[in-house]
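For reference, the structures are reproduced in the following blocks.
Two complexes, one shared chain (chain A), two partners (chain B, chain C).
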Partner chain A sequence: MTASGPDDDIALIDVDVDRLDAAAAPALKARLQARLDGSARKILLNLERVSFMDSTGLGVLVSLIKMLGKDGAIAVTGVQPPVRRLFELTRLDTVFRMASGIEEGKAALRG
Partner chain B sequence: MAEPAVFSCAARLEEVERLAAHLRRCGAALHVDNVAMIDLELALVEAANNIVLHGYAGRGDGTIGLTVDRLGDVLIMELRDGGVPIPSSVLSAHLPPSLDAESGRGIAIIRSCIDEVGYSQEGGVNVLRLAKHLPKPPAA
Partner chain C sequence: MDHVASLAAPRPADATRPLMVLAVDDDELFLDYLTLELETLNCMVMAAANAEQAIRFLDHHAFDMCITDWQMPGMDGLALVQQLRSSHGPDQFLHVVMTTARGDARTVRAALDAGVDGFLFKPLDRLQLELAMASARRNVLLHQRLRRRNHHLAVAHGRTREAYRRMEADLKAAAALHRQLLPAPHSAGDRLRLAWTYRPAQHISGDTIGVIPLRDGKRLFFLADAQGHGVPAALTSFHIHHRLAQLAPDTPTALEVALAELNREINAQALESYVTLICGVLAPGSGDGCIVRAGHPSPLLIGPNGIEPMKLEGAFPIGWFEHATFEAEPLRLAPGTQLFLYSDGVTEARDKDGVELELDGLRAMLTAAPEASVDVLVSHVDAALRARRGNAGLEDDISILALEIKGDRE
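Take a look at the complex of A and B:
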C-alpha cells in the first residue's frame, strides 16, 4: 500500500494487493488504520492493482468509512470488473463513490 | 494436462486462492464466459471462506475438495468438507446485511451469484452444490 497527500483533505491510497480477500484483509486493515492518523476525512482508494475482492476485503473498506465518521467519504477508482460486480451485488456502490480516474475521484469527494 | 477430478487443498484462508485458480482453469477448459466466471469465483471464494472460518473454525487439519463440471448450459461446483455443517437457517437466510455491516455478506453473495444451491451430508462429509446457468452461445 502506498499513500500520498493529503491533497487538501483527501488522502490518496494505492492498494497494492492483487487479491483483497480474507487472507489479505487483516494485514491491509492494520496498514490502513496505521496510515490514517485522523487528519483525513476523505479517501481516494486506487484499486487498479486489485483483480479480485471478496466480502472480507469489502468489510475492510466498510470499516474504513466508519472510522472516518459522519463527515467522511471514500471514492474508489481503478475498479476492475470482478470488484465492480461485488460492489454492485452488495449495493455498496451506493456508499462508495465510483470514479473512473484519480481526478474524477477527487472531484467526487470535493463535490 | 487435464485437471484432476477432485481438487483438494488445506482448509486455510491462504489456500482459497488455489481453489479459485483451479476454477479458472476449469472454466477456461469448459468455455465459460468471463462474466459468468466472475460470479462463479465470487461464490466459490465466499463458500470456501465460510468452510474455513465456520465449518472448521480455525482447525488446521481440515481439507476442502472441489469438483467443477459442465452439464450442457449449467456449470456445477461441488465443495466437500469434513467440518461442522452449515445450519440450515444460515443457508436459507434471505435478508441482505445492512450497508454498514463489516461481515455477514457471504451467503447473500452466493445466492446472488448462483442459481441453485444444494447442501447435504454424505457419509459425514458436507457437500455444497452450486449450479449456475450459463448464457447460451450466440447462434452461428
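Take a look at the complex of A and C:
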C-alpha cells in the first residue's frame, strides 16, 4: 500500500493488494489510521488492484467511514465488478462517491 | 478426577540413592565377595543362589540392576536374562550385567542377543567392577530422568485433552441450543409451507434461520448471517434471533422499528461485528407482507416466469451505522411462487477446483428441480451443494430458507 502526500486536503491511498480479506485487512486498517492522524478528512481510495473483498475488508472500509466522522468524505476509484457488487449489496455505494479515475475522484471530493 | 494426574509421579533422579542390585551366583563365596564390594559402591544387594530364586526376588522387589553368573545348575544365566527381558514391558528398566569366565565372541554374541547390557569377567577385579557400576548408575539416572519427563508430558497431554474435550462439549451444547431456535416444520393444514437447511462450517454458526408465528396467523421470517466465524459470530446471531422473536414485529412499521433497534444494539457492541439479514412479515392467507434486505443477497422468487432475485432497494447491514434506517418493502407471494432465502455460503461454495457456485450456479441447481415443493427443492439444493464440495467439507456456513403458499385447490 502506498499513499501520496496530500497536495491539498485529499489523501490518495492506493490499496495495492489483490485480495482485501482477513489476511490483508489489519495492515490496511493500520495504514488508514496512520493517515488519519494527520489533518486529512477527505480520502480517495484507489481500489483498481483489488479483485476480491470479503466481509473483513468491507469492515475496514466501514471503520474508515466512522473514523472520518461527519466532516469526512470518501471517494473510490478503480472499483472492479466483484467489489462493486459487494458495495451495491451492502449499500456502501450510497456512502462512497464512486469515480472512474483519480481526477474525477478528487473533483468529486472537492465538489 | 483426572486419571492421568492421579498416577504417582516417578521419584526424582537422585545420584546419591543406593542402587538396588540383584546378584545371582551359585558360588556362595563369589556371591559374598561381590555383595561386599557392591555395598562399598553405594549399592543395596539381594543375593540369589540360583536363577529360580532370582525370579522369585524379581517378582516381589524392584531392582535397578541384575548381576548374574552365566553357568549355574538348573536354569543358567542366559535363560534367566531371556526370561526377565521377555516378562518386562518396553518401558521397564533393568540394567543387566553377566559375570563369566568365558570371553569368546560367541559367548558375548549369545549374551547380547538375550539382552545383556555388559560383562564382568571372572576373576573379578575391583577397577572393572567400579567401571561397570559407574556405567550402570549413569544408565539408571538417565532412565529415571526420562521416566519423570515422560510422566510430566503425559500429565500435560492429559490436561490439554481434557480442556479440549470440555470446550468441544460446550460448543456442542451451544450448537444444540442454537438448533432449538430453528423453525419447526409446517403442520399439515398450514397454508404456509416452509423448508430449510442449516449447515454450520464449524460446530456453531453465525447463520440463523427463523419462522415465528405472529398474531392473526402472520409469520415473521428471517435468515441472518453474522460476519466472522465461531463463537463471536454465533453469539451475535443468537442475539439477533432472540431479539427478533421477542420484538415480534407484525407490521411494516413495527419491522422497521425493530430492525433500527437491533441495529443500535449490535452497533453499541465494541466488537466489529455486523449482520446481514433478510427479514419479513407474511400473511399466509393473502400472501401479502413486507420485507427488509439489510446488506444481504436478495432472496430469489421462483415461479412460472423463472428464477429472479427480488428487486429490493435494501439497506446497510445491521450494526454498521448507529442511525441507519431499514425500510420495509412490499412483498407479495402468490400461490405457485416460492421465496428462496440463502446465505452467501451457498453462492460462494467452491467445488474441488476452487470455482465458486455464484448466482448462476445456484439458479442452475434450482432449475434442475422444476415445479418441486419447497421440501424437495431445499433437499435437492442441499444434496447438490454437498456433492459439489465432495469430501472437502464446508468453508462457510450454509443456510437456506424456502417459503411458499399453498393454493386453495392444492
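Quick note on the criterion: the second predicted complex is superposed on the first by the 110 of 111 C-alpha atoms of A that agree within 3 Å, B and C clash if a C-alpha of one lies under 4 Å from a C-alpha of the other, contacts with A are read in each partner's own complex, and residues count from 1 in each chain.
In this text, a contact is a pair of C-beta atoms (placed from the backbone, for glycine too) under 8 Å apart; a residue touches a chain by one contact, two chains touch by 3 or more.
What you are looking at is a predicted structure, and each value in this text was computed from that prediction instead of being measured.
A.B. asks: Clash or fit: what happens to chain B and chain C when chain A is overlaid?
C.D. replies: Once chain A is superposed (C-alpha atoms), there is a clash between chain B and chain C.
A.B. asks: A:Pro82 contacts which: chain B (first), chain C (second), both, neither?
C.D. replies: The answer is first: A:Pro82 touches chain B but not chain C.
A.B. asks: Considering only touches as defined above, state whether A:Arg91 meets chain B (first), chain C (second), both or neither.
C.D. replies: both
A.B. asks: Scan A:Ala23 for contacts with chain B and chain C and give back first, second, both or neither.
C.D. replies: first
A.B. asks: Tell me the contact category for A:Gly59 with respect to chain B and chain C: first, second, both or neither.
C.D. replies: A:Gly59 sits against chain B and chain C alike.
A.B. asks: Just checking: does A:Ser100 make contact with chain B only, chain C only, both, or neither of them? Give me first, second, both or neither.
C.D. replies: After superposition on chain A, A:Ser100 lies in contact with neither partner.
A.B. asks: Compare chain B and chain C by how many residues of chain A each one touches, and report the one with more.
C.D. replies: Of chain B and chain C, more residues of chain A lie in contact with B.
A.B. asks: Touching A:Gln33 in the superposition: chain B (first), chain C (second), both, neither?
C.D. replies: Touch partners of A:Gln33: none, neither chain B nor chain C.
A.B. asks: So chain A touches chain B in one structure and chain C in the other; where do those two contact lists coincide?
C.D. replies: Chain A residues touching both partners: 55-56, 59, 62-63, 66, 89-92.
A.B. asks: Help me check something: in the complex, which residues belonging to chain A touch chain C?
C.D. replies: By the definition above, chain A touches chain C via 55-56, 59, 62-63, 65-66, 89-92.
A.B. asks: Flag every residue of chain C that touches chain A in the complex, lowest number first.
C.D. replies: Where chain C meets chain A, its residues are 227-228, 272, 274, 276, 295-297, 314-317, 320-321.
A.B. asks: Along chain A, where are the residues that touch chain B in the complex?
C.D. replies: Spelled out, the residues of chain A in touch with chain B are 19, 21-23, 52, 54-56, 58-60, 62-63, 66, 81-82, 85-86, 89-92, 94-95.
A.B. asks: Considering only the defined contacts, which chain B positions touch chain A in the complex?
C.D. replies: 13-14, 16-17, 20, 34, 38-39, 41-42, 45-46, 49, 52-53, 96, 99-103, 105-106, 108-109, 112-113
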